[in-house]
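This is the structure, below, for whatever I ask next.
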Amino acid sequence: MTTPRSAASLLEVLRREKPLIHHLTNYVTMEFSANALLAVGASPLMAHAPEEISEIISIASALVLNIGTLDNDWVASMKLAIIEAKRKDLPVVLDPVGAGATRYRTRVALELLSEGGISVLRGNASEVLALAGQGGGGKGVDSLHAWSDAAGAARFLSQEFSCTVCVSGETDFITDGSREAKVYNGHSMMTQVTGMGCVATSLIGGFHGISNDAFLATVNAMALGGVCGELAAESATGPASFRMAWLDWLSRIEVQQFENKASYEQLRLLS
Amino acid sequence: MTTPRSAASLLEVLRREKPLIHHLTNYVTMEFSANALLAVGASPLMAHAPEEISEIISIASALVLNIGTLDNDWVASMKLAIIEAKRKDLPVVLDPVGAGATRYRTRVALELLSEGGISVLRGNASEVLALAGQGGGGKGVDSLHAWSDAAGAARFLSQEFSCTVCVSGETDFITDGSREAKVYNGHSMMTQVTGMGCVATSLIGGFHGISNDAFLATVNAMALGGVCGELAAESATGPASFRMAWLDWLSRIEVQQFENKASYEQLRLLS
Amino acid sequence: MTTPRSAASLLEVLRREKPLIHHLTNYVTMEFSANALLAVGASPLMAHAPEEISEIISIASALVLNIGTLDNDWVASMKLAIIEAKRKDLPVVLDPVGAGATRYRTRVALELLSEGGISVLRGNASEVLALAGQGGGGKGVDSLHAWSDAAGAARFLSQEFSCTVCVSGETDFITDGSREAKVYNGHSMMTQVTGMGCVATSLIGGFHGISNDAFLATVNAMALGGVCGELAAESATGPASFRMAWLDWLSRIEVQQFENKASYEQLRLLS
């Protein structure tokens, strides 16, 4: 575990340390998350059987939970994973896919947060608003709001659950209660590929696996995904060639190139 | 909900309205269906937990059911989804993957049809023959028959279950009892990519989500998939680059280009 | 069923006979396995419901089991599939993903092997060592060992369970107790794509579906995957374009081209 100062150096550490990132995630984007983590240099593992969660947590560097295709069996395994992660002091990242779209998803996401031990929560504006009890609901899993609508909700959730909250969108807003950042990188084609949000959450897990600083890990992950989106858009002729180029760039991008293109503002709050 | 006259104008409406299409589909092709619907302009949602089906149906524009990797839990959720869809008058599209290959699949597909409320049934010739009780079975999930072998079976099923039936293949045959169409678009490389049939069903769901006319929605979806197949084949060097180009074309194709390339015949029957 | 002499002629038979390969495999790589088998000319089928396993086994040419995202329900279906496969004398190929990483995976893989009837076991060195009781465990699903560390373990398992064992890695080592081979084909980019091991297992299933000779089927599958990896690397700019090119080459490669590029050594042992 190290906490380098710059985005670039954190990427270097990730590629060198190849952290194992345990996922309980949805059926739709499992493969995309696994390939993104391999591309960036991490080692993904998808497993949900209660019989093996404890052992996997003991060898993992971070845990990613994603409720995109949840059901009660998977939720039970996720709760077990949180308990084990807390015991081993493992970073946990939660993606509350579709919170606000159904009461079941809102309830489950809040139950997972209430277990304690969630280090980063990443959702779109609609999901974050819903979890803060301010939501009008999204349209299924897509957001109807901009980040700025959800900044207050993010700050509230950050306090309530003692975690970093990331509202992703055209601009990403990240707060941990004492620091806030806005990440400007990204490209509109990212909204045309299924699972870009889920994979962003997986990348946060990747960076968090090599840094205890949840805020810094989140900023870096969001910036890297966005920068690769900008690079991928240069060659893409549609969403599928964009997706391919994006994965290639996760693997190809040089540390200095990432440093040069990362565009974010950070603010240290008075506390 | 609108029912424009031409294929091209229906595609325009789809891209503008971005209908939410709820799926209970198989593990293998979930991601492909999701990306195809995003590419064409719709909004996919995959969810199977009984706790949330009713709420999702209430915000969705169409429901797609696909039994590619069925088991009893998923079938129970599908039946629940049909009941909710009927209550809300939501279009339902069924893909009876592998009907005829096993008695379990044939039985489940017929049970789902017997619930009532299925608006479109899309299968290959072997599947349609099996459901009409005329089948010799397919070879797993691939068809051993041409559309013409199954035209009578399609007409029978259309009457029996008051739905549009599409027999997909090199030529697609579509009947709703009072109208029939043949769609000639497509390319042989489509048979080398897993889930092209499943995704065709998802596209039908997409068009049906913005048009009450099940027959027209089906003709448009099959023509669009076929036209994009022809375009994709121009640049592909194998099935994977074909798949990528096909998804890109779903997103890139201009309305006029689709209109020019769509190749189908339609017949209004005396009733 | 035929057993041609050379790798090239076995590929010809595969493309001509299009064997149906039944899979009970993991959620992450199902689609990749399906597309790889279609590309090489086989016909994949993924199904796990106990209600239909017997019928599918009766029409399939081989069975592939993969415990990548196992749970007790799936394991029960796998055991049922083995019993049916033994009754019908169907070749069974097992991929013990993550054996050694958790006791659950090691135990399940050994239980499946103990059912008898497994014809080929393919894993990385860490998995093979773990199953032979010599393991220090892998890092999740990735191997920490080279093939040579696991050659003895492979020979032991081959005797113990009367099967062909393949230790895949930079060099692949294959033994059936009386013959041994090393396959040198492959490319380092293969380790950056999720599921390349799983898909290798599926390709073994494909070749085994048209040849009773498990050893020969395994050598051919590993060589073909490796040769296509070398060809794909020529055009790839990262892991995603590599994956696409690899699938395209599975479909495009000519029999003579495969013959020329395949690089392996074979030894007949005294028995």
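As written, the chain order gives the labels A, B and C, with residue 1 at the start of each chain.
Following the convention adopted for this analysis, contacts are C-beta pairs under 8 Å (C-beta built on N, C-alpha and C of every residue); 3 or more make two chains touch, one makes a residue touch a chain.
As the structure is a computational prediction, the values presented were derived from the model and not from experiment.
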{"item": "Angle of rotation relating chain A to chain C [CA atoms, steps of 5 degrees]", "value": "120"}
{"item": "Chain copies touching (chain B, chain C) - same or different residues, decided at half shared", "value": "different"}
{"item": "Centroid distance [mean C-alpha coordinates] between chain C and chain B, Å", "value": "33"}
{"item": "Multi-chain contact residues (two or more partners), chain B", "value": "27, 31, 243-244"}
{"item": "Residue ranges of chain A touching chain B (in the complex, touch as defined)", "value": "26-29, 31-32, 68-72, 98, 101-105, 137, 139-142, 192-195, 236-241, 243-244"}
{"item": "Partner chain C, residues of chain A touching it in the complex", "value": "20, 22, 27, 30-31, 34-35, 38-39, 43-49, 51-52, 55-56, 59-60, 243-252"}
